[in-house]
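Which chain is which? They are A, B, C, D and E, in the order written, and residues in each are numbered from 1.
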Amino acid sequence: MSEVKINHVGKTFENKQEQTSYTVFEDIDLHVKSGEFVSLLGPSGCGKSTLLNIVAGLDKASTGTVLVGNREVQGPGVDRGVVFQEAALMPWMTVLENVMFAIKKRYSKEEAKKRAIEYLKLVHLSKFIDSYPHELSGGMKQRVSIARALAMDPEVLLMDEPFGALDEQTRSMLHKEVQYIWEQTGKTIIFVTHNIRESILLSDRIVLMGVRPGGIINIFDVAFPRPRKPADKEFAQLEEEISQQLAGEIEKVMKEEMGDDYHSQKATLLYSSHRNMGDHI
Amino acid sequence: MSEVKINHVGKTFENKQEQTSYTVFEDIDLHVKSGEFVSLLGPSGCGKSTLLNIVAGLDKASTGTVLVGNREVQGPGVDRGVVFQEAALMPWMTVLENVMFAIKKRYSKEEAKKRAIEYLKLVHLSKFIDSYPHELSGGMKQRVSIARALAMDPEVLLMDEPFGALDEQTRSMLHKEVQYIWEQTGKTIIFVTHNIRESILLSDRIVLMGVRPGGIINIFDVAFPRPRKPADKEFAQLEEEISQQLAGEIEKVMKEEMGDDYHSQKATLLYSSHRNMGDHI
Amino acid sequence: MFPSPILSFIELYKGFFETGILTVALTTSLGRIGLGFALAVIIGSILGIILATSKLADETLGSLVVALQSVPSIVWLPLALVMFQGGTTAILFVIVLGGTWPMTMNVRMGIKNVQPLLIRAARTMGYKGYELIWKVMIPASIPSALTGVRLSWAFGWRALMAAELLGRGGLGRTLLDARDFFNMELVIAIMIIIAVIGLIVEYCIFNPIERKVLTRWGYAK
Amino acid sequence: MFPSPILSFIELYKGFFETGILTVALTTSLGRIGLGFALAVIIGSILGIILATSKLADETLGSLVVALQSVPSIVWLPLALVMFQGGTTAILFVIVLGGTWPMTMNVRMGIKNVQPLLIRAARTMGYKGYELIWKVMIPASIPSALTGVRLSWAFGWRALMAAELLGRGGLGRTLLDARDFFNMELVIAIMIIIAVIGLIVEYCIFNPIERKVLTRWGYAK
Amino acid sequence: TSTSGSNTEDEVRIGYFPNLDHAAAIVAKEKGYFEEELGERGAEFTHFPNGNDFIEALETGNLDIGYVGPGPAINYFLTGGDIVVLGAAANGATLIVAREGSGIETLEDFGGKSFCTPGNGCTHNVQLEMMLKELGLESNRVGGTVEHQSRIAPANMVAMFEQGQIDAAAAPEPWGTYLVEELNAHVVTEWDNVFLGQTLASVVVVTSTQFLEENPEAVDAVLRAHKQAVDYTQGNTEDTLETINNHLYDLTQNRLPETVLENAWSRMAVTTETHADALQAWADASYELKFMDKEPNLDGFVDTSRLDAILNQ
């Protein structure tokens, strides 16, 4: 019912004042099935957030269309919940109010409050429900915005690096929670991350995006069953494969950046052993 | 020459309007030797950023003192460069101007520009030097602020989750760069991260902080030589050890949060297998 | 001819407790400024919101606002007299004209300066149109609107004083009469009243609100 | 008795191309408003910066500003006459008084609303005191200051019109004389001039600057 | 424009200035003559700071009848305004004074000096400039050597005299006398020697023809009260001055010095004697001085028939 069809979408930012334009990607074609969990992976600046925003209806695609459940996306809607890369909390509302704000159009006040507290508990913030955003740490703000999106219970969940600022234990706890919710409710989830392991652990498919020119480089099916363990052979294999491709992308950027310097002494020192060190964390 | 002595430092936030106060940590005692690389690790909200800000001279400690190179910290100074958790770029300056802004007091204009471009190249942003911050992606902003701090060439480098928003390849490249700079210049580095591997890879010592009550739980010496590989036996052992302790902290929080729910069905489903899954990413 | 401070305070005492003319004038003026200020703030906010949210309005109505805001109160007076048959309404009109622009401009800028991310976030939660303005843009622009309210109050007073020349009593009129008949001490006494009211409103209303807002919005150090 | 628009334009034509009284008056007024506005913006900015950055100043000098800003221009006129021996200086003084407060209040709020993180970042780069204000706080508060400049301009005009009652020529004076002789068409003509100048300044100066600033600061959609 | 002005149920709205030459108005108001004559209809009073505001109120239907200087009334009439003079309330009351140390002794000394008036082309302005013109002096307004500053409120005149910013003034009473008594100003021309001095009204009773047509009884009642008050002031100087001073005190908590009041009183005549020809002469002078750009025709401006009828009773 709520599959996401991204049809030949391209995005170009125009700078009217300087008459320049920057094309982030062209002709992205991706069909996310209803109930599918898809991760977007790619180097910084390749357009993951931009694509997510287009699906959310917050940015306009320069070309192409996006359909969510057969309706063309014209603007944002409560059928698509978003966890932004930055926390995006209203500074004048307490933590509780921030979460309630997102759901009080659908629930009665008491229900909204109950629900908000439940999800805040989930992200371990029940002690801070009366704090204001500026009194929270970076990770805490991020957790509030995760709680908010989950509490909204949308059909499509768009998450932009939601767990980036969290410690590994909290993150792994939230992995389980998201998976639990996903399994129980059959949500469609599009999930941006920099963490290859995270993407393998959670997704049905992994979309690898590239840069200059931007677009989809490859799509990986994560065919093996859940729960997945990084120690599994298939897991490690896929991880290595994705990692290699991503490294290739980065190297391309690096060559462009360094130009002739690329083979200079310092650069060699820094980057030569690059592929072999294997510290893909 | 620029060791950092944190003497019995405590921090309490007072909320004057509601007459409440929140003690983040008490009596933190940590001596970072000159030229040492120390990582701070701990659950979200445990006070890592707060401690870093106190060393930076941006926040006042409620109790205790901080000495940098035998001078008591009274306020911020160019001897301590900071990479903030949020990018902290001036919105009205281009990328290049933002980096130059940090160094133009020390270098002539041309030199500052040369230096800025050099460091922007390092973080792969030479194509975006004339962009404004709002035209950058999250990771790109973070990279500008890394370039800025590195260009400043301070004696003490305070980095608050600098690589959190970066893809693994860029991150690993910057790991090498930071290590290279650190080895060449003998900087003292205090580095906040959520990534246990990252901390083992880079640091001389790892400080594990806890929450409720906050403070230092444990300090790990990373005794084995560089370059370190996650596959090494010692590496994996230390990773497991830190991970266990951190998990204990989180579990404590979780128990507090869930209260009686902790043993309820859903909670059990979510958290029971926690320690065994081992997906510490 | 230079007024003496002590005599000014004596005039103040007399005006309140002996002749009572200051009591009467103050009551009249306060009633007017109270109503006029409230209207200015409301109208200014609405205008500011319209200008900030509709590009079309900003380019048409906005021009009108810009064109008219430099026209002084004295020019409006005769027009107001014609438009409103009663002097009191005319005075109100002039106060509103004085107080509305600062409010309009500050609310407009406040809303334009709201972090786009907050609006985007709210839109994904299903807020739009009127609700988006009411629940996100307005709260987000409160620090800026506060400045507007302050200026509205001050310029409302100024306009009131000019308008009371119309000859319907009030502090402005008393001030002019006092000036014309050389009671400079009374002039100073009235200035003191205006200043004291300004201070009271500032310290009992604007300042506490501002402190609360700045703390809550996270701008305080 | 209601003024006719056509006759107003005829007055406008006559005033500029036949008798020349509008040309002269406009030149005089423009000279005054130019200087007065510049002074108001400069003084207002400085005051605003001081109030925003020093708590002590905000609580002492700030009170004074608050207390004095509601005192209308007509009250200042006699005082200005006494203080400044020349009428022109007195007029300037009144313009400055009119235009300074909006600038002060907007710059003050603009600076108070600068994201604390930016100031913290700049401090770690060795910026403090004067430099911090100049290079971080002021640029960061420009969107707010722009509103101040706009209001300063408008209220500077209003004060100018009131100040020109002093009888030293200028549009305000011409306007009142026209009123005295019930030449309502000329009154309207002068209002048109004021409005047109307001529009020109808005569209050639304030609006382009604002658009540039909002785009650059990242507030535009 | 006015509908409320014709409503006979309303109180009659009477305007005046709190000033010495408005003695008739103030006495009639304070002694209750207006209310007495108007009976059930009653009166409501508004005092104005200058003639223009008075005229505006009259024009916009916020005022029915009242006391005002002839200058604004004539100017208004000449631009087609609906106004009619019912009779005089006072004549005289213009004094030409020079600042101590200004170097002005007589009118001949005005060349290169400056003077101020309460309004541009106001009664006193025309009177002074007419006299200057006879001596060959002109205001800088028409390219002459005498600097003229208008719209100087009396209080500002005092400040400017003190500061030496102005050399002379054509001032209405009691401010002319005030400048003389309090600031040692020198009288250049006494009130009865100024142009049209004794005959030119300084205050007239005016109303709109509309009000006159619709409320003849009310107008008569006001005029009867007016006459009664004029009679009273002529016979009771001391009490009149005290009444006025008390009225000023009610408004400003201040009394004018006795000497100022007494001397100013002697520089005017509170009277019902109306000199229509003086008004025409004044208007002609105003035209001659280029304050007006059309030849003034005051036909229909003065209609003393009702006042005359009352005076003859």
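Rule of thumb we're sticking to: a residue touches a chain if its C-beta (ideal position, glycine included) is under 8 Å from a C-beta of that chain, and two chains touch if they have at least 3 such contacts.
Bear in mind that the values here come from a model prediction, so they are computed numbers and not experimental data.
Trainee: Can you give the shortest number of steps from chain A to chain E, where adjacent chains in the path must touch?
Mentor: 2
Trainee: Report the chain whose mean Cα position is at the greatest distance from that of chain A.
Mentor: It is E.
Trainee: Could you please state the distance in Å, as a whole number, between where the Cα atoms of chain A are centred and where those of chain C are centred?
Mentor: The computed centroid separation for chain A versus chain C comes out at 48 Å.
Trainee: Whole-Å distance, chain C centre to chain E centre, using C-alpha means?
Mentor: Here the centre of chain E sits 36 Å away from the centre of chain C.
Trainee: Quick one: which residues in chain D touch 2 or more of the other chains?
Mentor: Within chain D, the residues that touch at least two other chains are 78, 82, 176, 179, 218.
Trainee: If a residue has to touch 2 or more other chains to count, which residues of chain A qualify?
Mentor: Those would be 86.
Trainee: By the touch rule stated above, which residues of chain E touch at least two different other chains?
Mentor: Residue numbers touching two or more other chains: 1, 59, 155, 159, 162.
Trainee: Which residues of chain C touch chain A once you look at their complex with the stated criterion?
Mentor: Chain C reaches chain A through residues 117-118, 120-128, 135-136, 139-140, 142, 213, 216-218.
Trainee: Using the touch rule from the top, collect the residues of chain B that touch chain A in their complex.
Mentor: 13, 15, 22, 41-45, 47-50, 85-86, 121, 124, 126-127, 135-140, 142-143, 161, 164-173, 175-177, 180, 194-198, 201, 227, 229-231, 243, 246-247, 249-250, 253-254, 256-258, 261, 269-271, 274, 277-281
Trainee: Would you mind writing out the residues of chain B in touch with chain D in their complex?
Mentor: 53, 56-58, 75-78, 80-82, 84, 86, 88, 90-92, 101-103, 105, 132-134, 152
Trainee: Under the stated contact criterion, what part of chain D meets chain E in this complex?
Mentor: 1, 77-78, 81-82, 85-87, 165-168, 173, 176-177, 179-183
Trainee: For the complex, give me every residue of chain E touching chain D.
Mentor: It comes out as residues 1, 52, 55, 59, 72, 75-76, 79-81, 116, 119-122, 149-152, 155-156, 159-160, 162-163, 165, 291-292.
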